[in-house]
Every structure is written in C-alpha cells, then in structure tokens.
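Mind having a look at this structure? Questions to follow.
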C-alpha cells in the first residue's frame, strides 16, 4: 500500500450510454483521455457522477476493467465500489483491486437505517478484503446515512486502510472537527463543489469533483492558488467558477456533465432513465455559463 | 383490471435466508401461510420488509414466482417492483403481472434527485407496461424522494392504473390533503405503523404493515374496530399494540420481524449484511413485548 | 386548586386594537361574549392568538384584568403568562391568579437555547409562585424550544401544579408517547388545529383553538361527536372544517381571526405591526370558506 | 451618513447584572474599556450576547445611553435595536441614533411567521425613521425567521440605509450568493464564530463576535492574517481558536462570556433567568481552553 493518500483534484468520470442504452466504452475512453489531458491529479470511475448505482453487475465490471486499462497508470484511480449489500461491496472492491485501482471509495449506502456497529462492520469487511486504501465517503443526500464525525473517527481507528475521508454534507464544520480531532492528520476531501474554496483553505487534501470534465483549467487553477497561498487569487478564481459549480451540483452531475460534454463536442449520450437528458432551457443556461468561462487564448484563468 | 383497490390489512412478508446467505424458500412458504392463516386481507412480497432492495435479480425473480405460487390466489397480492432504473422497474412489474400479482407497488426510488417530470414519466412507463393496478408508494426516509401531495395528484391524473397511494411520511396532514383534494375518492394506505389509528380514522383504505407477522390478532382487531365505528375500542386496541408498532418501525422491520418470528418458533434467518440480526438486548425487549401482547385463550383482543 | 384540569374546547381570544394602535377593550368584551355565547368550554386570553408577545406590560395587565372581569366566572379561563424572563413570567402568573384566572399557560419561550435544567427550573419558579394549575405549552414553531416527551414527563413529576400539557408540534406521536408513559393519565391538549380529529381520538382532554371565534358550531360538534364515540360523524365534521382550520393556522391566527371577525361584523382592528391585516386575496378566500361553512338554518352541523 | 460600512472585528458587549438582578453599569464600563483596549474595530451593545431581548425598556435605554457615553467615539458602534413590534424597533433605533450610535442592527424577530412584505415593510419603517446605516441581521436560530438571499437583496434595494448584512445561519453558501449577486459589493459580516476563517476568505467585511471579550488577540490576528493574504497563518490561527469559538457559540454566548470574564478577573454577574450561570464542569472546561490560548509573553499569536 505505497500510495496511502491521493492529493489534488480528483476528476470523476461519467459513464456514456449509446442510443440503445448500452455502454459506450469508446466514448468513455475519450472522456477519460480528455480528463487526464486536462491535468487532473487522479481519476475516479463509477462514482455518483458515473451512475454506478444504475448499472447492472455486468456493466459495472465492464466499466471498471475498461477504465483501468484506459487510465493505464497515467494517474492514480479511486474506484467507487459502493453497494447496498456488504457482500457485493466486497466483491466489487476485490475486482477493482485486481484491475489495478489505486484506491476504492465506499459510501455507507443503505435502504434501512444502519446502526453504528453495522456501518463499522461494513467498512471492516471491505478493509479486510483488500490491500489498497479506502476513501470513506459521507453523503447523506444520496445515501440516506449521515456519518457523524465521531463515527468517522471510530472507523479511521478500526479499519487501517481507511486513509481518506470524502465529506459531501456541505457543512464545513465537519471538516473543522475532523481536522482538530486528528491534529490535521486525516486526509479529508471536498465532495461539495460550491464549498471548494473553503474546504481547500480549511486543509482538504483534495477536491473530488466532476467539474473538470467541463472546466478543468479553472478547477486546477483554484487548487494551485490555494497550494501556493495566493488567497486573493483563490477567491477570484472561486467566484469566477461559482455559478457553474453551484448549477451542476444542484441540477445533478450526470445530467449536466453529459449535457456539457455534448455542448463541447463529445457526445456521451444521456443519463439512464428515470434520469432524463438536460432540457432545452438547461442547455441554454449551461452553454451561456460555458461561454463566460471559456479560456481566452493566451490568458491564464 | 377488476380489482382496482385492495381494502384492509396488507401483510408484508420477510425474505428468509439460509445460513449460507441463500434464499430459504421453504421458510418463506411457512411465513406466507402463517400470515394468510392469521386473516390478513392481502399479502405484499418484496417490499421494504422483504429486503427487495438487497436481492440480486435472480433472487428477486425466485421470490416473486414462489410467493405467487404459495399465495395461490387465497388473497390478493401487491408486489413491490421498485428499482433505481425505470427499465428494471418495468421489467419487474411485467414479471409480477405475469406471475399473477393483483397489483404492484412502486416507490420513487432515486440516487440522484429526480425532477417532477422524471418522476411522473417513471410512473407513466410502468403504467403503460402492465394491466394491473399500481400502488404509488411515498417514503422519503428510505427513497430519499418526497412526493408532494400535488405531485401525487398529478400522477393519479396522468397514470390511470395508479389507483392506490401508500403514504409513509408519518405526516397525517398528507392524508388529509389527499382526502380533501379528491373528495375522499382516492384510496390511501397507512404505511407508518405508529400512525395506524389516526390514518384509519382519517379514512385510509388499508394498512400496509409487517406487524401481522407477529401480532396479527391485534392488527386485525384494530382494523375491525375502526370499520365498525367502535372508537373507544379502537383507541384501546391501538394503545395496547403501540409500543410494539413503534419499536419494530424505529428499529427496522426486517431486523425485528425476523427476530420476532424466531422467538415465535419460525426460523427465517437474519437480514442480509450490512443489516445484522437483532442483538441480545433487542431480543429480550421484543420477547417481553410479545409476552405482554400474547392473546389469553378465550379472550378476544 | 379545585379545578385541576379543564376539558373541552378552549377558545382563544384575540386582542383588539383601535385605529391609533391602542387597546380596544370594548371590542374585546364583545368578542369574549361572542365566544362564550357560542358554547366554548373555557376562554384563553393573551395566547399566541391574543398577541400577548406584542403587548407592553401595561397593556398586558389591562387585558388580563378586563378579560377576567368580562368572563366573570361564566367559564374557566387559562391565561397565557409566558415571557422570555422567569421573573416576568412569575409576575404575570401571580397577576393572573390574583385576577381570578382558573389556570395559567406557560410556553418555554427563549431567545438563547435553554438547557433542560433551565427549562425545569423555569417551570418550578412559576409553580412555586402560584396556587392554580399550569398548562405547559410546547410550540417550537413560535418559541424556538422543543420540549421532548421525556422532559415534559420530568416537569410533570417535578412541578405538581403542572397538570395539563398543550402540544402544538403537529406530531401526533408526541401525544401517543405522553398517553402511554402516563397510562393515559396526563391531560394533554391539541394545539394544532389541522390535527384536531386525531388528537381528540388519541385521547386529548381538550382542544385549544382560536377557530371558535369564527366557526364555533363546527368545532363544538366535532368535540361532541368524538365524546359520543360517533366516528363517522366526527370524520365528516372534521373534513368539513379542515380547509378552514388549515388556512387560519398556516396564514397566522391573529391575522386571519381578526379578518374573519370583521367579515362577520365585529371590527376588532388589525394585528400589531410588523403583522399586517389580511390582504384582499386572503379576505376573499376567507369569506368564501366562511360562506361554505355557514350554518343552514334548522340544520345541525 | 458618512460611515456607511464598518470593517473589521466588531466586539459584542455583555450586559452585567448585580446580585439583585439590576444592571451593573460600572462593570459594563470596564468590559467596554477592556474590549476597546484589546483593539477591536467597533463595539456592538445590546445584541444577542448583550441579552437585549431580556431587558425592560427602561433597562434597555440605560444600557444604550451608558454604552455610547463609555465608548465616547473611540470606535464606531452598532446598536442592536430589534424588538418584536415595529413601533418599538423604530423607537429604539431613534434613541440609539440620538445617543450617537454609528449604526443600528435589526433582526427580523418574530413570534408569528412574517410574510416577505411584512419583513420588507418592517425594515422600511426603521430605515425611514433614522439617518444612520442599518445592519440587517439574519439569524433564524434565535429569531425563528430565515431571510432568503433573494429577500435580503430586495431589502437592500428597497431600503437605502440598509448597507450591511450580518449572516448567522452558518451556511457559507448564503455569503457566496450575496457576493455573486452584488458583484462583491454588499458588505456582509460573519455572525457564526466557527465559520470565521471561511467567511473572511469568502470576502466578509467584518466579523461580528463576542469572542474578543475573552481572546481578542487571536481574533484580531486572524482578521489581520486574512487581510494580509497570509493563508497558512490564517488557517493555523483559526484552528488554534476553533475549539473556543465552537464552545462559546454552542453553549450560549451570554452564559460563557460572562463565565469567562469572571475567570479572567472581571465579575459581570450571571445571565438573567431562565439562563443560568455556567455550571462547574463548564467553567473547568472554559478555564482549560483559556489556559491553552493564553498568550505567552513576547510571542505573537
């Protein structure tokens, strides 16, 4: 487990579908190449943006195999392996590891509310099954389960390969408490786009985001500004991209990122039903925002 | 579509697992027979209680086929066919219909937040695919999606075979508004056990509940008391079973119903991980509540 | 302390203002007489409906003195004496007692969040200062403090003249738990109009409501139907008045009750700024609802 | 209206009480002098920390007169003039202006929920009555009213002397939206202590806080670090004081600040009942935190 922690902007991939609803792996390849070429520090397949929850087991397996081959070690990867059952999460984690994933991400997904013990044991089971690091993912808005800071600290204690925490509640106080409780030692990640400035300044080790599919230069420039301690620059860059970050997050990442890629010339299909492609008004708004943020040749963001 | 609406106490089945984690269909058969013998007015396989969300496709198919064969038309059935994708929900609804289900139940399950249009279209797709009635199921606590009364009314208008609405928010005002908006014409169902007295008195057409697995006499006596206009009797019966209803709902239905059945001599295994079997303290409490509620021979509840 | 508990429909009075903003006591007298003539079982001055929170100390004192004189022992009274400080609450409670109030009502009002000990001690201080019963009032929507069922039970234990509990959270489960925890012995009251049917059937000792200012016959008929065990009749009566109950509660009681009284011919002025008189659209809607509910001569509600 | 906007750390004063519960103005004088000597950029009497809501009218008037005399123009002042009624808010605002306040702060306090129009008109009434700037204060936790960003923008448009916005929801997104909607032109203030780092970096014009009563050096050093663009320094300073900021905010400002001042040798009495003095455990914890943060002689924070 050489790479225990990934730092930087972690770009989440979409999962392209053909018109008949089947996987479009060539388009996936192009979108991965686009992301890597943009300079993101890592690639995260099959996350919320990647519609991992909507895929069949066979599709899921195809995507993880293909993604790892396409990335081909150019950057580290974090594969989302979450499933409602422990058994299938373990199985996916093992598959990801066998395909060469650098790390896996696990959301405490649930249908029935889980007890703290059930959540800890779920992470223990995954931790025992693999030899790569785990990114614990807390996102009550999609999972229905909110892991308290205390519970996260307990998992960090009990499961040694949980080395990263992705916080998507949108509550910066969670990050403050994680930082304080571990003397700044835990690697936490921002999973809420419109909180990027604050999370990075509060000490986040990275930014988990689908935005680099569309506006990578701005995302990376913000990351760099914070790393370089350029506060004024960071603020300006953040507010420049804020409306876009807020919109794609609120309106849904698969829906908006797929629409945006199409507007940029890369057709990756629509999301899977019941999710529908972004409607005409949404596309107009998105085009407008993309135009505003388009890099002027010769000018750094 | 002769039976457009089912009235009465609708008993939800658990899904038994053997020690190796595989389906235990013989135990399922016994639990279905127990429920029917107790007098419930209908059987609902594969709902939240039935851990439908935790099954593989193959398992799901086995359970629906087996359940329909076991019920064998003795009472109507409502099969939960919810899935995250529209395609799989439609496929399951068709399978349920082909196996002889009286009706299907559809939860607006989601990972990404759905727009109103996406929700309506999801129900339209299911409605167009089958010729049996649909029970719309609103349960934000498990699905993450809360359907407003206005949206439910729109679906009732747009999808003709949505003829029943199961409300599990625990907010009795939703039922009041459904009643008023349809002049008492919509068939709504109580899906929140500790609200049973109020929902039935407010005019609910039925009570969707897993409680009859354990205390069917009390559940049915409450239903009967309300139907007979025996208000004082209904109140007494409700408070008698209240602590049990509250506990199984709060602590989780698969967990508690499976533990309770075992205490009553029917071993149906534990729930599927990450859900764990009820712990020792919980079993003691449950046994105590069962003892308190045990029917005295020769005394009606 | 002969009357420890008041049963029935407790009618809340408004506090009329003249055009110059001063108290209009003659109009208050007429509104009290109207309420008593309608048959309510008790009168409650200076509650939320009575804008008690918006009065100066001198005004408050005038209203309590005048109200007690006007009621003149025809029915019991419950005077709301809540204030942000313990000292002033005690002072108001003593004044109410000295004016002849049957009971006082105390809301755990707060600006800063109170600890449980602070809340209990607040009730202890009031309890020690007077010899008449106290109705504990829980209404987080106006007070910002939500008293848990456990805390209410603790206060009932610790402060002997707290003999009544008015629950206005709108959550019927609170009433269930109060009922179960005291074996049905605590007198609890419904303070949420659109929950009246359920609360009464769940065993409420009374209904605290401003609605009898406008539609007393329907309110009292609902009370009677439940007391007589006429379930079907109770449901019909409840749904008949539901839209009105829901509207006045949602839109604000001082605003709507004052507007409604004016529509019925009794001018009591508008509420105190920042509260504004009901606007034209609201008045039209209210008139329409009043017309629908107007008693047909010779027909019981 | 020369000073339209106040920049920097705005220190909130407590209101000392003597043992008999009366105002202790000499102690107030000492606490004001201590704050000014510490270097805060402005003084804010009678806010939430100052228990303004718990004072009689006569007490309130004494405190505002005394505070203005004591400050004596050494720094600007922002006097909280909020009251439940518009009339009394206007009266207090005029009094504050006549005493020499630099600006007034107005919380949309409410008992009954206000409509948007009622809120706007409330601010209009105050705005028309005085010639000094108004700081709009949004704090749903104490006021029960949450002003949306859109409503705040409408008030900024409609009431010209509302020139500052204090946001205490703890939701940094509100500040982002205010910034974006006004192109960074509106002066917004952080009112949530544990959000200080993020709010200042997001562009807040100041930090409204009671913390400088106890740890002014750290508060001011954080402000300075952000103004000087020293990001790393700002983060270190913030996390150093974080536990203290979090504790005093969560446990209640009058309670903890008064206890802390006593620990530091300035006896200002306890808060007014129902608020009780900080208990022994709380005092021990507070002393510990103060010790940890005590400035080492010769070392800058």
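Per-chain residue numbering starts at 1, and chain names A, B, C and D are given in the order in which the chains are listed.
Just so we're on the same page, contacts are C-beta pairs under 8 Å (C-beta built on N, C-alpha and C of every residue); 3 or more make two chains touch, one makes a residue touch a chain.
Heads up on the chains, UniProt names are A, B, C, D = 4-hydroxy-tetrahydrodipicolinate synthase.
Remember, it's a predicted structure, so these values are computed and weren't measured experimentally.
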Enter the minimum step count from chain A to chain D; a value of 1 means the two chains touch. 1
What's the overlap between the neighbours of chain C and those of chain D? none
Specify, for the interface formed by the sequence copies chain A and chain B, whether it is same or different in terms of residue numbers shared by both sides, with half as the dividing line. same
Please report how many Å separate the Cα centroid of chain A from that of chain C, as a whole number. 52
Measure off the straight-line distance from the CA centroid of chain A to the CA centroid of chain B, and report it in whole Å. 35
Please report how many Å separate the Cα centroid of chain B from that of chain C, as a whole number. 38
Multi-chain contact residues (two or more partners), chain A: none
Sort out for me which residues of chain C touch chain D in the complex. 21, 48, 53-54, 56-57, 84-87, 110-115, 117-119, 121-122, 125, 141-142, 144, 252-255, 271-276
Quick one: which bits of chain C touch chain B in the complex? Just the residue numbers, please. 170, 172-173, 176, 179-180, 184, 194-195, 197-198, 201-203, 226, 229-232, 234-235, 239, 242-243, 246
